[in-house]
Structure formats: structure tokens, C-alpha cells
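Shared between the two complexes below is chain A, which has chain B as its partner in the first and chain C in the second.
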Partner chain A sequence: MAEETGEYETREEYEMSILDRISDRLIDGFASFIGLFKKDWRRRNQSRIKEWKLMAYAVNRSPPTLLGLIIVIVYIFIGIFGPYLAPWPYDFFPVNYNYSTQLAPPGSTYFLNVTQLQNGYIIHYTTYIHYMLGSDTYGRDILSILLSGARTALVLDIFIILIGPTLGIILGLISGYYGGAVDETIMRITDMFLAFPGLILAIALSAVLPGRIQNFLNAHVWAQTFVLKLFALHPRDVNNLGKLLAVFVALVIVWWPGYARVTRGSTLTEKENLYVEAARAIGLPTRTILFRHILPNIIGPILVMITMDFGGIILTEAGLSFLGLGAVPPIPDWGNLINQGSQQFPQAWWLVAFPGLVIVTVVLGWNLLGDGLRDILDPRTRRSLEFKLKKKSKGGEASA
Partner chain B sequence: MPEPIVEIKNLSVYFYTYAGVVKAIEDVSFDIYRGETLALVGETGCGKSVTSRAITKLIESPGKIVNGQVIYHRDDGSTVDLLKLSDEGIREIRGNEIAYIFQDPHSSLDPLYTVGYQIGEAMEVHGKVRNIKEGIAKAVNILREVLIPDPENRVKNYPHELSGGMKQRVVIGIGVANNPRLLIADEPTTALDVTVQAQILELLNELKRKYNATVLLITHNLGVVAETAQRVVVMYAGKVVEIGTVDQIFHNPLHPYTTALLRAVPNPLGKIEKLESIPGTVPNLITPPKGCRFHPRCPFAEERCRKEVPKLKEIEPGHFVACHRY
Partner chain C sequence: MAGLGKFLIRRGLTFIPTLIGVTLIVFIIAYVIPANPVRAWAGGEKASQAAIEMIKKEYHLDQPWYDQYWFLVKGLFTNSLLDPLNQEPVFNNIGNRFIVTFQLALFAFFFVILIGLPLGIISALKRNSATDMTLRIIALIFISTPIYVIAYLFIWLFFIHWNATTLAGIPPGPPHTITHIPVIDDILTLDWSNFVQQVERFWLPGFTLGIAAAGVLMRFTRNSFLEAYSRDSTLFLKAKGVPKSRLYRHVLKNALVPVITILALQFGGLLAGTPITETIFNLPGIGLYALQAIMYLDFPALIGVTFLYAIVFVTANLIADILYVIIDPRVRL
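Moving on, here comes the complex of A and B:
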């Protein structure tokens, strides 16, 4: 028996690509890592680990998903470390030291005679700055701003997704499950929000909110510190936060109704399934039925939607920045660069082209990943993959 | 004198739909005796499922239990009206003291959880095990009990990895997991193929004996009734029309509908004769016929039947009928 399984496994391995082996290694490594802290975890979660491996195989077999995943990983990595990787800080303005650095074309190099106040001394030094991707109107290095701006995008992305869809999903579940007056009330409120095109509502809100948010921030130092740390900004920029956060709040408000609608719709169909009635018949509380049984069954399309919305938020936020709402210079922001660039187009094309390219790439990455997830999250797809792998290995055995 | 475990009294359930108020069941009363298998029979749409679900308030909007009582006799002899219990209170009864087995095993299991998890969950929610892990361990024994081969490995299976018959065994396993006093099986074999049906019924009977449970069996199949039940409740268009022992119902049917029903299916206790269909159709329950609801299809209908609603009368000991002829 033991021999048989051994042979089985070698066959299976034979069918596996290098990618599969890499993903296996990564997952095994991760499992051992957890095993270091929780004894016995590996053994008890064998089936879960196997499930993860199967998911990885599914990704490995779909090049677009893989591409999307890579883009997304790079985006998240740069979102976290970008501000520290940037060659120049976002609030260093070379135009103060050499006027010709304004709108420098890609590939050019300029000398700067820097005069700075340091520890009470005025120091002079000469340095040079190489603009791989050109500079903006303040002579700032576009590459640096793109790197630092990834943090802005990522933080907005994550927090908007954490709040908006969560709110929408909870309301949608309640609405769909209870029906009747509860449903009517929640859905009419949702309709009110949906009646305005999202962008218009966001524009209105980001125009009204900054003052209030700024007042709040000025009154609460802890909030200031938190937000500054989050966006990796210099305390000097505290007065620019109001507009940035206004966009954040506006997008959260715009982002939940869609989820409420979709979740309600799926809940309505899902609750017709006998297993929901069976769950009630065994005495499960509504909370458990909603979150343990209905939600996981309808989460597939929602996760896909969330994934795509990671891109959508970047796009909308860029759109708002382009309209002059949201992040203001010097806060590094992709959309804001394009806003600057639009006034200099087509002479300073790099101001539009590079941030545009970055936005398109990231949005595309999230969309590819979302598309791939659609298949992978379906346990039936994974099972059939497992079946195929096994069948192949069996076929190999037969021909051998 | 048999003691009741559940007394259903004047139960009415309405569905408030856009088309109108569907009076799904009206004034339904019958007792379920401790330790018996009671069969609930009747044409499709006559309110069998609604009645069984109303026992533990499983009726969902747009449905509403508009009237009635469900007196439940606890083990210690005390009684309680289940319909008056709070949500919390009725949840403690559901799946614990009164458990359900639904018709379609293909959709009564959550596709995303292993069968072990789902059995474990049923025990965990009633505090029979400390956590679901422990429940999954116990699920192995339950799967063995419902005669699933290789239970150690099957607990880890997802529903789609099991055949229909096996799924129904799992559903039954969930039903008996907490050793319920009353098991309500709503057409437990309809969705299965014929060869499996007999096995499932056999299993149900066996478990009932073993756990000393009471069973309310809802079925279309009079053959099944004759084999497994002791008493029968016949429903027509949302009303109870006849109650009696299997013997009384099959050998001495009183209500014209019961007689017709018996002629419409091969009579399991009689010799095979020509099958007859019941003329006419089931009335719509938004505006049910006045008086006796069966009168448009009844060969014996008279003036009185069109005006007066017949009451359930005891004709012989334990044999009740709602018909003006008696």
C-alpha cells in the first residue's frame, strides 16, 4: 500500500510544472512556518494545505491570472516599500535650486546647488539628479513620485475596500435574508445612493468634506499621526490631509451600495436552497446562517468584484485627482501627476504617459486576477483539476 | 392510552402573496403520539410541508402562522406551546428535540462544508460537543450508524463527492445527531431512485427503534405508509379530512377523498385493481371552495356540503373524519 502511494506521488510530480513545484515549496514553507508556532497545525490542516496547493495549480495553469497576480504583488510590495525605495523624497523640490529642472525630459541629468538648513547651520553642496522618467513642474523626479504615490493608492484601496464592501455585504445579507419591511428600508436607502452617479456624488462629497475633516484632524493629534504614518508623509503636510481624506470618505460612501445590491440579490436566491432551511431546522442562529453558510456560498462573485474594485478605486481616485479634488501637491499621487501633465500636454508627455501607464497596468493586473479568481474560487473547478492531475498520473502508470 | 408528544391545535398558516392570501392550511388539528410513526398523506400542495414546518415555527415571510397552538410534551411531563416560544427558545428545540429530514438531499447540505463539519455543527450548536472539531470526531460514529461505508474517510468528503443515497444518509445523520425525540421526515425518499428508497426507509425505522424516537413521516407513497406507519393523517386542500390507524384508513376509509386516494394508487393492502384518477383538480387556496373543500370533486356532495364546513368527528375509537355523511 505504502509503495503504491509512493509511486503515485512520483507520477503526479512528473506531471507538475516548475511553477507547481515552486508554489508547493512556498506553501509547504508557509505551513512549516506556522508549524513552528502552533504544534501539530500541519497535520491537522492537511486538507487545507492540499486545497491551497490545488488553488496554486489552478493559478499556474492560467497565464493571465499569473500575470495579474504578479502585477498585484509588485503593486502591493511597492505600496508598502515604495516611499523608502524612492531615490528622492516626494517633498524635495529641485526647482528651488536649479530652475531648469522644471519639466525635465526623461533621461536628463541636472546639477543642483543645494542650500539647506541643517542643525542650525546653513550648508551648501552640489549634487546631481538624474531623471529617468522626467520631472514635474516642481522638478521632482517622476519615478520617485510614482513609487511614493503607490503608498497613497494602496492605503486608499485597502481602507475603502475594508469599509465600503463590508458595510454593503452586511446590509445586503440582512436585507435579502429578512425580506419584508427591513428589505424595503435598506434597499430604498441604497437606491437613494445609487440614484446619483458614483463619480458625481464623490465629486460633491470631496468638495464639501475637506474642511470638516481638516478641523477634526487638527483637533486630534493621534489621528494626525496615524494618517501621516499610513501615507508615509512628512508632518509638514498635515494641512494637506483634509482633501485626501475627503476623497477617502467620499469613495467609501460611494462604494457600498453596489455591494448591498449584489449581496442582497445573491442572498435572495441562495436562501431558497434547502440547506438554509435545514440550517434553521437544526437550530442555528441567524448570525451563523448568514455569515457561515450564506456568505461563503455567495462570496465568489463578491470577491471577484472586490478584486476588480481594487483597480476601480485607483481609477476613480485618479479621476478625482485629475479634476483637482483629492490629493494636492506635494502629496505624491498618480492622478495628481496626470492633472499637472494635462496642462503641459503634449510637450511634457511623460507627466501623463508614465503615471497613466502605471495606473493602466495596476488596474489591468487586478482585473486579470479577478477574472482568474472567478474560476479558482469555485471548489468544483479545483476538484476537477485534482481529478485531472490524478487521471494523468494514472494514465502514465497504465502506459508504463 | 397513548400519550401525545405533540398536540397540534387549530393551526392556520397563511401566505401573503401579491396574488392574494394563500390559506395554505386552516384549522389543522391532530396529535402525534410518543413512539409512533405517524404518516401525513395527501396530494401535492395540500399543506403537508407547511404543517410540518409550522410545528417549530419554520414558516418564513411571506408566510405567517395566524392561529393555533402546538403543545409539546417535554420528557419531564411539562408542556409548552412551541408557537409562543421566543426565537431563542424555539432554536433550542429545533434540531435538538425536534429534528427534520428534508426531501432533497442534493440541496439540504451546504456544498462548501464537509459532511463531518455539518454533522459536528448540528451537535455544537446544542452544546452536545465543545467545538466543531470534537463534533467531527463524533460524526464518524454517526456516519457508521447511518451505514455509510468507510466513515473515517467519508467525514472529510464534501457533499458533491457523495451519491444521492449517501447524502440522504448524511442528512439523516444530522437529523439523529442530537438524539431527537421527534423526527420529522418530509418525503425523505422522493428524490432518490427506487432501489435506494427502501434502504433509506429501513434505516429510518431502525434508527427510530434504536433511539426510541417518534417519527412524523410525510409521503406520497401509500405503500410506504402501510409498511412503516401506525397511524395516518389525510389532508386535503389545507384541511385534515381523516385520521385513523393504518388498518382503519386502508380497510375502512370513510372520507370520499381518502377512498379516491386509495383507488388512485395501487393499494398496498388490497388486491390490485384498476386505478382511477380523482376527477377535477386541487382547488386554489386563495379562494378555497366554501363549506367542504372537497365538494367540487365529491360524488356525494349535497347542498349542506357547499355551505357548512364539516367538523372532525370520531366515528370509531381513534378514527376521525370530517365529512357530512357521518
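Moving on, here comes the complex of A and C:
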């Protein structure tokens, strides 16, 4: 067949599905986007782009990974736009003078008396609120809090991952690469932190830190504004930020040692390779060797760990809020809803059920994605995945 | 076993700097408490100045930090550090509560092994089938579900609906104590009525606590089994024509080596992972004690508890290492 068409290509053709075409388009688009800034990037990274496409095919053929990916994308989308999609603001405490709107069951509708200051006049009017998922102990709409709370979870998630694991990876690289006294010092400190169960250390830290952080925030207005914007909070909640950020600091402190140890281990074996020696011989700076040569080769398992830890951080953060240590009302938070529900269980089951379901779904999504990534990034299992793809061989011995 | 002794000594020596570091971290944590804990201990806003001064002197809070640190470390090792809330040595308070936590962890451990091992092995035996897929997703759900959600689900099911457990109080231990852990004493002294009482109270919290660890164990067992299965020795046995049941027995033996070591780590994790479970099920263990200590800014208690947790964790690591060395002599080199 190849001889007939006249061109001999040892190229493997996969049976493409719609998803494959979409992922191809996305990757091509991304590549040309980078090509806008770096000339020649596409040509020089052809094989890398092809590798990415193969990875995407593998993802497309594993339903659990796809499910995880979809959940994660939805979570990130709601995390960004949730506060604006919410039917009511998170700090809207509905009032009705005749009956209580607190702990309204799901699906109920309540009339509200609203008092507003408008053009210098106080006006009263009646409106209604439909509690699709019920209301919490303050009468707030749970759906709105779940949507706004996604922002809290996402921001904490991303910033903890950005700081904790990065710190751990850098320390691990340095420790593994230099060895000797540096290694010994860093690893003994890591051991000390690993000697604590994560939850206990996080509990202790998030209990003692809020005061200090609040003082810092009160002294620095720019930090206040930044954090408020980040979490999409109203400026009047500024005094509740200390507890929220205490959880953040606590989790960063808890989250780096694991990465330091794992990175050190893989660096130790990776640095024995000849290419590292070669890089050193031609006089590349250590920084380049560490981050451009060693890190890309050991990043696979670390990426899987990071993906799963996105879920782990949500779990731990919600656990701390459940114990009453993290975000406090009116700051919207999933774990805090369950904390409120724990005192009303089982009468107000919706306070536990809906936030619980949301947390389980999101964490499961990250775990499914991480599990899939593990298979895809591991060269052994990935090849076997690729062989499973139905191939139409084009050009004689292409499949060999 | 000469190598083992050497290994133990070497491993034990790294134990010491870690523990010193742990006390330092705990001290720093206690040191950053901004509020004035002494006023809270002396009885709140109405506390007299004299009482505050007295407590300050007692806990060396008017001294420089190194003196405070030395006071705490000395207190920890001689058990002379008093809990300001009930004037008992901290470790006496912890001792009573540790029994509850240990028993809880034992029950959880039982469920972890009962669920995790068989399901993991089944998952590996039927790898890449529908059963395997289902079991893997179940394991992931176990891992992804927050413990408090599971707890409330189970309370609703087993307590409110089926009334299959009791959730109030702690049944007293048997009259004869040998190990001070009620369940073990019951079995040793054949005291079945007390045994049933203990099980009725503890099985649900234990089950709840064990679910996540069971998911982890399922995944670990499956991977370990598959890893052992893909070894050359298995290929050789297959080529030799050994029947499947015997082949699997060989594979299982190899696969269980890492599983046993991770079990030790998991038991340490279960002991440390109890604060939420104890809060929900109202068990007076050390997890609850730690939370109360935080709430009342009772930092001698907090330091005692965190120190204990660190010791438990480090010991679990040590036991895992030792088990590994005993089972797999190659590590000893």
C-alpha cells in the first residue's frame, strides 16, 4: 500500500475518535500559541508534541480518567465563576419577621422581608427565596454557599500546591544533588516534620496561627485587598481572614516534607546518569542541570502525587473546618457547612449530605485523574495502552 | 542476626535527633500562641493578678525562651509537667485516654485487614476485568470520602435506622486487667459479656476510621500482587507447569512482604488519625484531648499529646523498617 502511494512512512495511524480529534486540535493550538512567542519551537519540539498527542489518546481511551478530568474541569470552572453564578451572595442572611428561615428543608420557598437604604429612604419590600438545597443554621442558601465555597477550596488548593510541593521539590533536588552535609541537614529537618501526623500538625498550627496572621493583615492593606479579591469576599469580612489563612499556612507546612523526600530519592538515582555528567562537563550552571535536566526526568511520579494531593488538600482543609478550625461563617466553606450540620444531624441531613457529596465528587475526580496519569506517565503501562489502540498500519512494517 | 543488631543501633541513633527536633517544633508552636493562656488557665477575665503571677512562675513563662524550653523538655521526660486545667501530670491524663484510642485503632485495624486484603487480592487475581474495575473504583471512593461524611452516613444507617450500636459512654473494662486494653483483656480472661459490650460500642467508630485505610490497603495489595506476579520466578513456575493454586500461593508470599510493612505504618496512621472520629462518636481518646487542649489554649497538654503522636509515628516507622529487614534480608546490607 505504501509502495502504491509512492511515499514510504513508518508512521502509525490510530483509529481516531472525536475526542482524539478534539485533543489533537487542542494540543496543536497550544503548540502554535507557544510558536507565536518562540520561533522554531514547534519544529524543535515535534517529538514532544507527538508524545503529548499519544498521551491524550491514552486518556481518551480510559473512561475513569476522562471522568476525573471532566470533574476537575467543572470544579475549576465553578471555582473561578462560582461566586458570580450563585443565586444569592454568600453573606446574604435572609430575614422573615413571622417565621424563621433557618434550616429550611431542600425545595422549600420562603417569603422574605427586605429592608434597604435607597436614595436616603429606608424601603421595605417582600420577596421570596427558593432553597433548592435547603438553608444552613443562619438561613443562608446552601446552593449559593456551595458555589461560593468552591472558590475558597480552589484558591487554597492551588496556592498550597504552588508553594508546598514546590518548596519540597527544590529542597529535595538540592539535597539529592549535593549530598553530604547539605543533604543530611535538609533530610533531618524533613524527618522532624514527617514525624508528626499531618492532621495533628495542621490542627495545632491552624489553632495558634490566626492571631498573628490577622495582625499582619491588619497592618498591610495591600495584602488584605489581595486576599479579599482572591477569595471573592466582601471587605467587611476582613476580620475573618486570619483563620482562613492560618489553614493555608498550616497546610503548606504540612505538605512540603513528603515531596522533599520523594524528590531526593529520585534525584539520587537520576544524577548518576551520564547525561548529568555531560551537562556538568560542558559547564552548565547547577541551576540549569537541576531544573532543566534532572527535574523533567523525575517529574512523572511527582505530578501524580500533586494531582492526588489536590484532592487530599480539599479533604484535610474540609476536615479542619469541620473541627471548627478553618474558615468561619460568613466565609463560605464546604467543611464548615458539615460542621454546622453535625449539631443538627439527622434532622437537618441536607447540611451534611450536599457538601459531603460535593467533597466526595471533587476528591474522587482528582484521584481518578491521578490514577489515570500514573498509568499514562509510566512508560511501561503507557506502551501497553498504546498497543491496545486499534491500529491501521500504513506503510508496510509500520506496526513493528 | 548480627546485621539486624547493627541495623537497630544505627536506626535507633537517628531516632534521637528526630525526637529533639520534634520537641523543638512543638515548643515553637506553643510559643506563637498570641493570646495570654495564663489568664484562661487562672479562670478567665476575673482571675486575680496574684494567681496569674503564680501560674506564670510555675510554668516559667516569665523566663527567657531557652529556659521555658528546658522546663518543658524536663517536664516531658520526668512527667512533672502539670495540666493546668486539672493539675494532673500530662502523661497521666494521656495514659487513660490512650487506652480508648488504642482500642479504637485496633478495631479499625481489624476492619482494614478484613476489607483491604481480600478485596485487593481478588482485584489482582481478576485484573483488568469488570470486577477489578469495580473494586478499584470502590477503593478510590473509600479514599476520597471524608471520614465525617462516612461517619454520619453510618450513624444514620446503623444507629438511627437499625440501632445496631450504642453511642453513649464507655463500657468499663473487665475486672481483671492484664494489658489494660479492655478488648484484649476480655479475650484473655474469656469475659464474653464485657467483650460484647466493648464491641457494641467500638465497632462502628472503628469501621468508620478504617474505611479510608482499607481503600489504601486494597490498592497497595493489588499493585504488590501484580508486581510479584510479573517476576521471572513466576514465569518459571508457569513454565514448569505448577497448578494455578500453588502458583498463586508462591506469588502471594512474595506479595505480602511489602504489605506487612505498610500495615505497621497504617496502624500508626490509625492511632494518629482519630481526632475527627473521636469527636463525632464522642470517645474520650487522645484525639479529643488534643482538640480540647487547643480550644482551651492548654499548651502543656498540647505539647504532651503532640509529643506522644510523634513518638507513635516514629515508632511505627521503626517497626515497619524492622519488619522489612526481618522479612527481606537484602535490606540489611
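Basically, the second predicted complex is superposed on the first by the 327 of 400 C-alpha atoms of A that agree within 3 Å, B and C clash if a C-alpha of one lies under 4 Å from a C-alpha of the other, contacts with A are read in each partner's own complex, and residues count from 1 in each chain.
Rule of thumb we're sticking to: contacts are C-beta pairs under 8 Å (C-beta built on N, C-alpha and C of every residue); 3 or more make two chains touch, one makes a residue touch a chain.
Here the structure is a predicted model, which is why all the values come from computation and not from measurement.
After superposition onto chain A, the modelled positions of chain B and chain C are compatible, with room for both.
Once chain A of one complex is fitted onto chain A of the other, the partner contacts of A:I282 are limited to chain B, with no touch recorded for chain C. When the two complexes are overlaid on their common chain A, residue A:F193 makes contact with chain C while staying clear of chain B.
In the superposition on chain A, A:P346 contacts chain C only, with no contact to chain B. Contacts of A:L85 after superposition on the shared chain: neither chain B nor chain C is touched. In the superposed pair of complexes, A:V238 makes contact with neither chain B nor chain C.
Taking chain B and chain C in turn and counting the residues of chain A each one touches, the greater count comes from C. Contacts of A:P296 after superposition: chain B is touched, whereas chain C is not reached. Of the two partner chains placed by superposition, only chain C is touched by A:A207; chain B is not. When the shared chain is aligned, no partner comes close enough to touch A:I163: not chain B, not chain C. Judged by the touch definition given at the top, the superposed model places A:I359 against chain C, while chain B stays out of reach. For the pair chain B and chain C, the model built by superposing on chain A gives 11 Å as the shortest CA-CA distance.
Put simply, chain A uses no single residue to touch chain B in one complex and chain C in the other. Chain B contributes residues 56, 58, 61-62, 91-96, 99-100, 102-104, 107-112, 121-122, 125-126, 156, 158, 160-161, 171, 174 to its touches with chain A in the complex. Residues of chain A that touch chain C in their complex: 64, 188-189, 191-197, 199-201, 203-205, 207-209, 211-212, 215, 311, 315, 318-319, 322-323, 325, 335, 338, 341-342, 345-346, 349, 352, 356, 359-360, 363-364, 367-368, 371.
Residue ranges on chain A touching chain B, taken from their complex, read 47, 178-180, 273-275, 277-285, 288, 293, 296-297, 379-380, 383. Looking at the complex, you find that chain C touches chain A at residues 14, 17-19, 21-22, 24-26, 29-30, 32-35, 133, 136-137, 140-141, 143-149, 152-153, 155-156, 160, 268-269, 272-273, 275-276, 279-280, 290-291, 294-295, 302, 305-306, 309-310, 313-314.
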